[in-house]
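Several structures are given next for inspection.
Shared between the two complexes below is chain A, which pairs with chain B and chain C, respectively.
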Partner chain A sequence: MATVKPKPYAESKEELISGSEAIGIACALADVDVITAYPIRPYDTVMQYVSRLKADGNFDFDFIVAESEHSQFEIVKHASAVGARTFTGSSGVGWFYAFEAITVTAGLRMPVVAMVGNRALDDPGAFGVEHNDAMAVRDLGWHLYWVATAQEALDMALIAWKVAEDPRVLLPFALSCDGSFLTHSQAIVQVPSQDQVDRFLPSYQRGTLQLHPDNPITVAPQVNEDWLMEIRKQTDEAMRRTSDVIKEAYDEFREIFGRGDPSPFIEEYMCDDAEIILVGMGTLAMPTRVAVRRMREAGEKVGFLRIKFFRPFPAEEIRAVLGKAKGVAVIDRDYSYGSPSFGGVLFHELRSTLYTLDDRPLMLNFIAGLGGREIKVGDIGQMVETTQTAIDTGKIEQETTWVSVRE
Partner chain B sequence: MATRAVEVVYRGIFQRTLARNIVRNIVFAARKDGKIGTAFGRYSDSPERNGIPAKQFAIVCDTALELEESLAVYEATNVDVTINVDDAMCKGIESWAWYGLQPINELTNSGGTLIVTSRQDADSLLEDIHQKDTPYDLAIIPSTVSFSGLWVYKDDHTDMRILGTLCKVCPDLVSLEAMLESIQEQTGSGTKVASVQKAFDRTVTRAVEPGEGNTETPFSFDMPGWKTMEEGLVIRALPQGAGYGGGDEGYVPGRSEVFKKWSTRSMRPVINFETCIKCTLCWLQCPDTCFDVTPDGLYDANMESCCGCGVCEAVCPVPDCVTMVSESQFNDNDSQWEAWQKDKDGYNKWMTVLVEKQKSETRTHGFHHVGGYADEINEMEEA
Partner chain C sequence: MATVQDLPQIRGVKNIPVEEFYSSGHRTCQGCESALVMRLMIKAAGQRTIVLGSTGCMYVANTTYYSTPWVVPWMHTQLGSAGSAATGTAAGLNSMMRKGKMTQEPINVIAFCGDGGGVDMGLSALSAALQHDEYNLLIICYDNESYANTDIQVSGSSPWGANSTFSPPGSEIRNMNTRWKKNMAPMLAVGHPDMKYVATACASYGLDFNNKVRRALTSGGPTFIHCIDPCPKGWDYDPKYSHELGMLAIETGLWIQYEIIDGELTLNGPSRAIAKGIRKRKPVEEYLMRQGRFAHFLPEDIKKFQDKIEETWEKWWIPGLIPITPSQE
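Right after this comes the complex of A and B.
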């Protein structure tokens, strides 16, 4: 097991790195024991970076390049069972190939941390970002977080191990990172010192659940219907408990590292008096914030709500923000064929969330940026205009709109 | 508001480290000037293919808010400086993932600068560089195509020379002082710092007037919409025998209108039809199926689909039947076989001169002739 502490992070310093590289550095700072890899773009950028850290002698860990994504996820699951801190990841169809292993990881309560470099699902073979790949774990007991910046990638990775490995939780954690815009763009990132990280992140203790000769246990027996519902209910309770653990960890992170939004779950941007609120996840926050600023300058009461945690879904926080708006424009970088309103996954989650409100805002859905297509500031202006028309007329002409698709 | 943008156009994989060194050093140096920046590659180029044109960008702003306003993760729509590290790309570029030709200076701002590493002079380069409606400056750094940073190739300071030139042509981007300090800090190399200074001192620019340059209209086409494209990801091939016009029309080389990719090459095969033994190997092995079988059973490389990889030269069993020749030697995509048919003696003479020149002096990464690379390096070091 890795014991040598990385030396390069004796002091906090600035680095010019991509989101993937930021997660690679977080792996070193967290002193991860086992990393498994199998190349697929855009996730491969983190695999390349940890390889370099190892080759340069800056990070000592067991690096296992598996023969497929399925084995890649199986190996970290097993390593986690014996008490190793683990990291892995994949993208698009690679993530899907590992799905059997991905479901059992949550089922066995293994706190694996994985990076999903969001990528469009084949076919067509394409490399650009779409959120459908990561979203596929939404019903399985994984934490699912959407990262917006390289700094956030590093910070949330550290928080991810702390939350996932907490004995009250023991659930895996997926860090969803938009392919290209996050995985391949280099930004100035404040890398914390090893000392700060050590104060924040305790070692992984699996306690009596650890698979070890001194602790003889059987993990994962076959069960029948007389066992299964209770097991599911346990996982459900862990997912219910994790919100408090996340809050706790996040507050501690802000105290030690001195940065981060007020809430770990959502980011509000000019929402206070907004009549129309745009909602979205990941790096589309950048053009959306720019568009909101420009519309505000023109006197329009517009805001933006970024959903950070998709699982657990922060329903209460979202209701508190969106409940005040007249119109909600949901931007989905994903799609669900044949869904209730032929719309995106985020849209349906949000509509379900807001249903319990007495006074519900009007909701429209915009499908945008699929396969990595640029979401332009003008596109967002159009979304707001369409929503305003619906508010003014009290009538929704078209619930779901595909933005900048060639006819 | 002061946002400055730079693009580096380079050959995929071969020049990736070179391009990365340039954009990263811009951001590091700008940090010394108290600015903030970001560096990124055009994702549609990724994963890079050997030699296929690709781009990296550096965006530098005064504040983080300005950086967000510049939307600096998307391909820039205009840049203050375009840096081209292979002069063959002055003919225009297309990445592997999209089709249509982008002039090398398409993103260069009015009053901006195009920096090219080249052994050609400005007039010669402007035969290839497409004309623009707006004026800009052209700065030439005397250099061969650099593979600096690629595996076994030696570090030839091309990145440092470009950074020095950049400080001269766009002082708002980053000051020379900041660049020198940053390079010293990043590399610890006094000779590299000297190279930056030397390039700065020697920078000469030449004003390019609106309308000056190559007058050809760059190849483009309209992409289909969801109502007009075929369902099930189908792309229709040319019908069998479409390469032959029939009757008097004779041989008409054809390719799909939306799958041309010729601008990606830095070299092209030149065929000696007299020595060809019709073994089929070039036709069989070409990864882009660019060889057309001619009515007399020879093989003609279609210059609208050749990406210049050189496999045909490598597999040809006949010495000097296929030779890869620098793309800078050509100004059209015409059929070699047709030229040979019309005037065999003329073609053979033209071909012999080209091949001999290639052997003796022209840069190359072809399989048969290493050319004068070693000499060129010496020449650059003296420059």
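Right after this comes the complex of A and C.
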């Protein structure tokens, strides 16, 4: 249940809230028109929160408790087609139950914003975080962003609508939030004022794409081999364009709200002069930063690179950071069975990214924290140690290592 | 969206609007009754309507890129999503009109599905849509009794014994489809007691269908119409007999025409005459033997079919609708 009495935000203020609640507040500030819910842990905490906002009269929107995740996503897709700003979300197998609808949302270029409360896929059942659920949209035309803090959850939700609904883009946006570690953990969040948000976020205008009797268009006919490639390529062009739109929106966000990282795509932590750089996504940033700081205090040249946008994948920026390192230790909170190195998805994306470098660092993959298992500071230390050994010997004994796992 | 459009009942064929909102530009089969359902549906609903079409014949055969028969706004939705498409469209309009983001006006929202999309895959989404009293929407199931667009495969709405590409009569098994057609409209009516309007229809009775569409759209709230659509390709007959087969389905008592308005049932057309004893039901053999999909039937199969119709009319609590009878104790 919501822990904070929901209230409208006439003025900017600090709140102790969870990542889910932060996104719920963003929905209200963005004046979302239609939200669809279906229960599954852990994302559903955001829906508990917005339903309370509605019940208390603090946020006016059409709230539909769908009969399945598939319907959840179909309903917002269609609401978006008539020009409504929308929000939905899911977790784990719920996200997969919606998958047909998730696919067509991107295919139709509907700027739906969805929260994925990352959860391990069944079977066997586990409530905890694992990134494979959200990862599944990586080839479909969705923006895919990995959130690390409750503050970032609120901020990026606002940016998500601005970017997704931009006429140059019109692609859906998934906010990937680690189950429990982010969805349920509270932190101090600076909630912006309604006035600030109104200055930042324009209303959603579909223009000539709006489905309305005044604009009698036919949407999504059968195209077959005649047109499919051209339409796929248009979506590709939109995904290529969105990087600039994201930068533009992020700069504007920093100007109006007075916070943000140097880059919207990646976050560097002590990467300058680092010989070994750890790479990961989401809330594992916190223990990793602590470990890196301690190792730095002990004189080790270690850094941490957090990938924020998984789609579009910021290849250029990543190359600029990792190209300087001797060793790269990729932490995957996901796994791809039978993949080229029998490793994680992030690892393979990074290896592909670094292939074009003349001088490539050694790359090792660490599978950690699946199903919500905690990634400890000590685990990070071991990853660095293993990577250091590979650098010293010039040999990789084992490409992929499962961390803290019973044999 | 609180109010509904002014769509009075049409008195006589001469008063049917001449405007066409489903025009040329489609490539449905000759004799396709589902295409006629589309045309009559939107004629009755008029221009201020948004139509959502789930995957099926009326998507693939109607809307091929660079060509569309729809003069009104139309959008595709996934196979099982007629209910969700109607809900999402109505919700978007409703929310934006309430919040002053869009001009207030009653816009008809109609979603259609075939029997595959409605009776099978989309049943749960349909059911959910029909619970939303706050939205005015109409869902029309155009039932041609098979997955006709994908090569005529058996659906949950196909008749018992019908030949389809998934239920071909073979040397060992004559009748591969051992399921009786789902009792769709009554299932929805009984399962959603707050619905204001449920009806069955057939394009052979065009004016009747026009008026049912109008009654649905002016009821206020979610509504449902189930149409029986003879399909030359799937049922295997000469296209010129589509209308006749639609009439025969009703005259044999196999399909029953009715409206349920605010929970009150009224049979209409030949079904009403049959129920009142004014007309006798024709033997179902007359209907079955005109279609290639039943050509493999032996006399015992025809009898089985006839017996089922007798049971429907004589033994069901409400003939053709409710098979459950109260205990005598």
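Things to note:
Rule of thumb we're sticking to: the second predicted complex is superposed on the first by the 400 of 407 C-alpha atoms of A that agree within 3 Å, B and C clash if a C-alpha of one lies under 4 Å from a C-alpha of the other, contacts with A are read in each partner's own complex, and residues count from 1 in each chain.
The rule is short, and it goes like this: a residue touches a chain if its C-beta (ideal position, glycine included) is under 8 Å from a C-beta of that chain, and two chains touch if they have at least 3 such contacts.
Note that the coordinates shown come from a computational prediction; the quantities given were computed from them, not determined experimentally.
When both complexes are overlaid on chain A, chain B and chain C end up sitting side by side without clashing. Of the two partner chains placed by the overlay, only chain C lies in contact with A:H70; chain B stays clear of it. Looking at the shared chain after the overlay, A:L121 reaches neither chain B nor chain C. After overlaying the two complexes on the shared chain, residue contacts for A:L16 are found with chain B alone; chain C is out of touch.
Between chain B and chain C, C touches the greater number of residues of chain A.
When the two complexes are overlaid on their common chain A, residue A:I396 makes contact with neither chain B nor chain C.
Judged by the touch definition given at the top, the superposed model places A:L209 against neither chain B nor chain C. Residue contacts after overlaying the shared chain place A:H78 against chain C, while chain B stays out of touching range. After the chain A superposition, the centres of chain B and chain C are separated by 90° when viewed from the C-alpha centre of chain A, nearest 10. Contact with chain B, but none with chain C, is seen for A:G372 once the two complexes are overlaid on the shared chain. Of the two partner chains placed by superposition, only chain B is touched by A:R289; chain C is not. Applying the stated contact rule after C-alpha superposition, one finds that A:M270 touches neither chain B nor chain C.
The overlay of the two complexes leaves chain B and chain C separated by a minimum Cα distance of 26 Å. Contacts of chain A with chain B, set against its contacts with chain C after fitting on chain A, share not one residue. Residues of chain A that touch chain C in their complex: 31, 33-34, 36, 60-62, 64, 66-68, 70-71, 74-84, 86, 100-101, 104, 203, 211-213, 215-224, 226-227. Contact residues of chain C toward chain A in the complex are 47-50, 52, 59-60, 63-68, 70-78, 80-81, 83-85, 87-89, 91-96, 98-99, 101-102, 107, 124-125, 127-128, 132.
For chain A in complex with chain B, the residues that touch the partner chain are 14, 16, 18, 41-42, 123-124, 127-128, 179-181, 184-188, 283, 286-287, 289-290, 293, 372, 374, 377, 405-407. By the touch criterion stated above, chain B contacts chain A in their complex at residues 24, 27-28, 31, 36-41, 43-44, 46-47, 68-69, 71-75, 223-228, 233.
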